[in-house]
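Single-structure report; data block below.
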Amino acid sequence: MNVSLEHYLMLTAFVFAIGLCGALSRKNAIIVLMGIEIMFNAGILNFVAFWHYKYFVSLTAQVFAIFAISIAAAESAVGLALVIAVYRHYRSVDLDEMRSLKG
Amino acid sequence: MDTVYQFLQHAEEVLRGIPLVGGLLARLYHALLGGAPEWVLLAISIAVPILFVVSVFPGIFAYTTLVERKALGRIQNRIGPNRVGRWGLLQPIADGVKLLTKEDIVPRSADKFVHFLAPVAAVIPSVLLFSVVPIGAGLVPVDLNIGLLFAFAISTASVLALFMGGWASRNKFSLLGAMRAVAQVISYEVPMVLAAVAVVMAVGSLSTLAIARAQSGGILNVSHWFVFRPWGFVGFVLFTIGAMAESARTPFDIPEAESEIIAGYHTEYSGFKFALFQLGEYLASIAMAGITVTMFLGGYNGPGSGPGFFGGLISVFWFFSKLGCMIVLTIWIRGTWPRVRVDQLMSFAWKILLPMSIVNIVAVAMWHYITIRPIAWIGTTLWLVLWFVTLNKLAATEKIEKREYRYAS
Amino acid sequence: MEIAFWILSAITVMGAIMAISLRNVMHCLLSLILFFFGIAGHYFLLHAEFLGAVQILIYIGAVAVLIALATMLTRHITGEEGPREVLGGKWWAGMGTAAIIAGLLWAIIRKDALARLLPTEAANISYTALVGDIGRALVADWVVPLEAMAVLLTAALIGAVVIALEEVIRKR
Amino acid sequence: MGFIGKGLFEGMVVTARNFVGSYFDKERLVTVQYPEERVQVPENSRTFPFLVFDADKDPIGTMRCVACKICEVECPPQCIYIVMDRDEKGKPQQRPKVFDIDISVCMQCQICVEVCPFDAIKMDNNYEKSQYGRFNELVEHLPELLKSNEYYTKIKPTEATAVDAKLKADAEKKAKKAAPAAAKPAAPAPKPAAPAVPKPAPAAAPMARVAIPDDAPFTPEQRQWLSGYLAAVGGSGGTGVAPAAAAPVAGTPVAQAAEAAAAATTASAAEAPAGNWPWHDPGLGMQQRLDLAKDTSIADKLMAAMAQTDCHACGFDCRGYADAIATGAETDLSLCLPGEAETANMLKKLMQEAGKL
């Protein structure tokens, strides 16, 4: 059985669902960020899989993947800075405890 | 790998070309592998580089430790190890036996699995680094077209081992060492990669083999080394500093500063695990020296090197000579310079190295576009010197005042 | 090819599941690193070597290390959680949502809905010199997004510093 | 001309000079390659004590130590253990039978050397004392401790020469002193016997317990131990309690013999009075000894006040010194070195009490 695009799509769908589950269900802000990173990676792997199986004449998918990785890096940097700032304020990274809009 | 395969395919003719013993070698080869099927040759050509990497470089590591101890001894007017074997030549073996037979201590509160995993994780990236280091003309385990990027990616991964070891030990000194290691590696990664970008720009390829090939030719195969270019020299200095910081060599060994945090992340490691950490660290250091040689010191190029069997042998000789010189340089520096402070480390990386490496990239562009060589020489040199002086001035704004001691006289 | 795919997929899925379900944040992080390695392996398998190296360089070398630093700055150093939060009510909600999404995606893939939108035959080109091609593409066709990305990264860098140093700045 | 890193390069030049220089200039290498080369230790260096003897052919016979136990008493960490040698009759031989130094305890303070009146114990400078064990291996016994005077002269020439000169001078002085004494018709010699013979009966009670008949079936060691033990038992309880204290061991051969001796031995005590005194023993304090000698002659009291090690530091044995003081032949009361100031004070007090001072 050859590995086809469908295999990759199913894999990424599954991984995406795992990341989503983590991001939705964990209280710890850092683990929520990890879940988001997992979803990002699943998406990027999708790009690359499409590029490999269907579109590798053009490099658009790869370039797009590079941009996505860069954005993910920036997002994680800002996200973690936010987590640290929130922690300074609440002395906790538990997302359920952050109910107040007042800073 | 490819070169080994080609050699195996034409081995008999090549061997017969050797004077004196050529005929004998060719007959020997014929007896052993004459008419062997294709896949056998392929398997051998895959196995040879792997065996070479996992046997030769750990050997170099073992004797680097000996040379280091002897050289440091001589630098301090001592003798150094001379008891085990003639000139202490069996000392590495004795050390190995000692470390192997020592008790393996795991702290009770340690995270057992991660504690076990860390030394392994320290060795793997270091060994993988060698897969893109060309040790001779066309002799590279894998000629990846992203070779240099691969090397940087792998060397970044090695910081994880330090982090895991420091965190899993549940020891404040280990953790401090791990934090320092992480901060240091992230900071020095940037100027190091930017210094490499200069070379990549000049060559137009990330392949280490292509970079080495670009430095062949000229007078005695020497004059085209990148270190003999203004930007190359600056890049060489920047990259060497970055590589030393990356592999936590003195003067950048603050992650394992014995006098401050005992031994940093390997405080809680003993016996074979400690040996693995040391192995990983030294292998990374040697591999980084190899990459430095490839990028700036002409790689395997030297008088007499070139394609063909003999040229290849001479190129291997040149590569290892240069590698030895780089190792000796790091030992010499270790024997001389004091350890930097954490704040000095950071400000040096961000205030001197990073601007200098960006300036260096501009210098490469100038070199590329000014086609009249003398003007290019003068222009890039002036540009670099100007910036160096300016950065010196800017960094030196902090006046060091005479210290007043309250209790000490 | 198939064996590599299945092994890497197992690593990826296992790493992802462990990363979101383990109690100790540090163990989660190490599982996440495993996951990143799995993804990088997939990139190499798909002949996107440059992306694989970038994945290791950025995700493992930078993002994972950043998360580690953030964890150590925000939590007790062992990273232990309090009472077990996994398998609470919220957990089931997350599982349900994820299962629905996965089911939908699965259905789409199964239906071959995508196949009709895509060209059926892949062009047969060689994979060599891809890095150069990507570089050329980046500075030729995609130069404006690239510059925008540079601005974005700079802004993110400054923003992260400002947020993290908020108190220090306020004190000054 | 200063630039960043100038000092670093100067430092590298220095280390390079060291590196190259250490291969050509042997003066630079300070390492002593120990098993092949050894440091010449300074003459005044010291490690652990040893015992000096004079003639090679008879180490035991010419050993200077007289087992006076001053060093044993003075040793701050208590690392010295001495047992005086005795002949079959239990007569002290003025030399140690056992002399042990635990070098794992010894702190190399040299106090034993300072206090030794006979220049018998000296500090060695041999630093190779490591052993493959921590217990018995680190206790040095008499044979290992004995070193010749030549050895001492070799390791510490200045000090040994001074010691030799002093010993020679002492010997001459003693010879001069002995010559007139010998010329006189042995004036002090019969004296010791004279006060001893009329040793009064009351003293016989404490003495009796100590006196073990010569025909009792004991080896010399047992006899020695027994006399010390019994003396301690008798002394600690005082004269009145002594028999009761001895009673618990009744039934053992030793105790039986002692009881037999106590019953039958006033005469034998009179026969050998000097040998029956409880010898110096940690369990027997000055006051207890004086109590034992309460009702005896002044010479006996004086002797009881002494350390009773027969060390000959005063030029006599203890009995002789006591008699000499009692008869007035010797007027210096501070000659008993082992007894220190305590003895000297007590001697003075006793003499004052006796009205002889």
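When the chains are written out, they are named A, B, C and D in that same order, and each has its own residue count from 1.
By definition in this document, a contact is a pair of C-beta atoms (placed from the backbone, for glycine too) under 8 Å apart; a residue touches a chain by one contact, two chains touch by 3 or more.
Predicted, not measured: the structure shown is a model, and the values here were computed from it.
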| item | value |
| --- | --- |
| Approximate Å spacing (C-alpha centroids) for the pair chain A, chain B | 34 |
| Separation of mean Cα positions, chain C and chain B [Å, integer] | 30 |
| Where chain A and chain D are represented by their mean Cα positions, the distance between them in whole Å | 87 |
| Centre-to-centre distance between chain D and chain C (centres being mean Cα positions), rounded to whole Å | 85 |
| Shared interface positions of chain C, touching two or more other chains | 50, 54, 62, 69, 130 |
| Graph class of chain-chain contacts, one of line, ring, star, complete, other | line |
| Interchain contacts, given as pairs of chains that touch | A-C, B-C, B-D |
| Chain A residues touching chain C - in the complex, by the definition given at the top | 1-3, 6-11, 13-28, 30-31, 33-35, 37-38, 41, 44-45, 48-57, 59-60, 62-63, 65-67, 69-78, 80-85, 87-88, 93 |
| Chain D-facing residues of chain B, complex | 71, 74-79, 82, 332-333, 335-337, 352, 388, 392, 395-396 |
| Chain D residues touching chain B - in the complex, by the definition given at the top | 3-4, 8, 11-12, 14-16, 18-19, 21-23, 28-31, 33 |
| Residue ranges of chain C in contact with chain A within the complex | 1-2, 5, 9, 12-13, 16-17, 19-21, 25, 28-29, 32, 35-36, 39, 42-43, 46-48, 50-51, 54-55, 58-59, 62-63, 66-67, 69-71, 73-75, 81, 85-86, 88, 90-91, 93-95, 97-99, 101-102, 105-106, 109, 114, 118-119, 122-123, 125, 130, 133-134, 137-138, 141-142, 145, 149, 152-153, 156-157, 159-161, 163-164, 166-167 |
| Of chain B, residues touching chain C in the complex | 111, 114, 144-146, 149-150, 152-154, 156-157, 159-160, 163-164, 167, 170, 175, 179, 182-183, 186, 189, 204-206 |
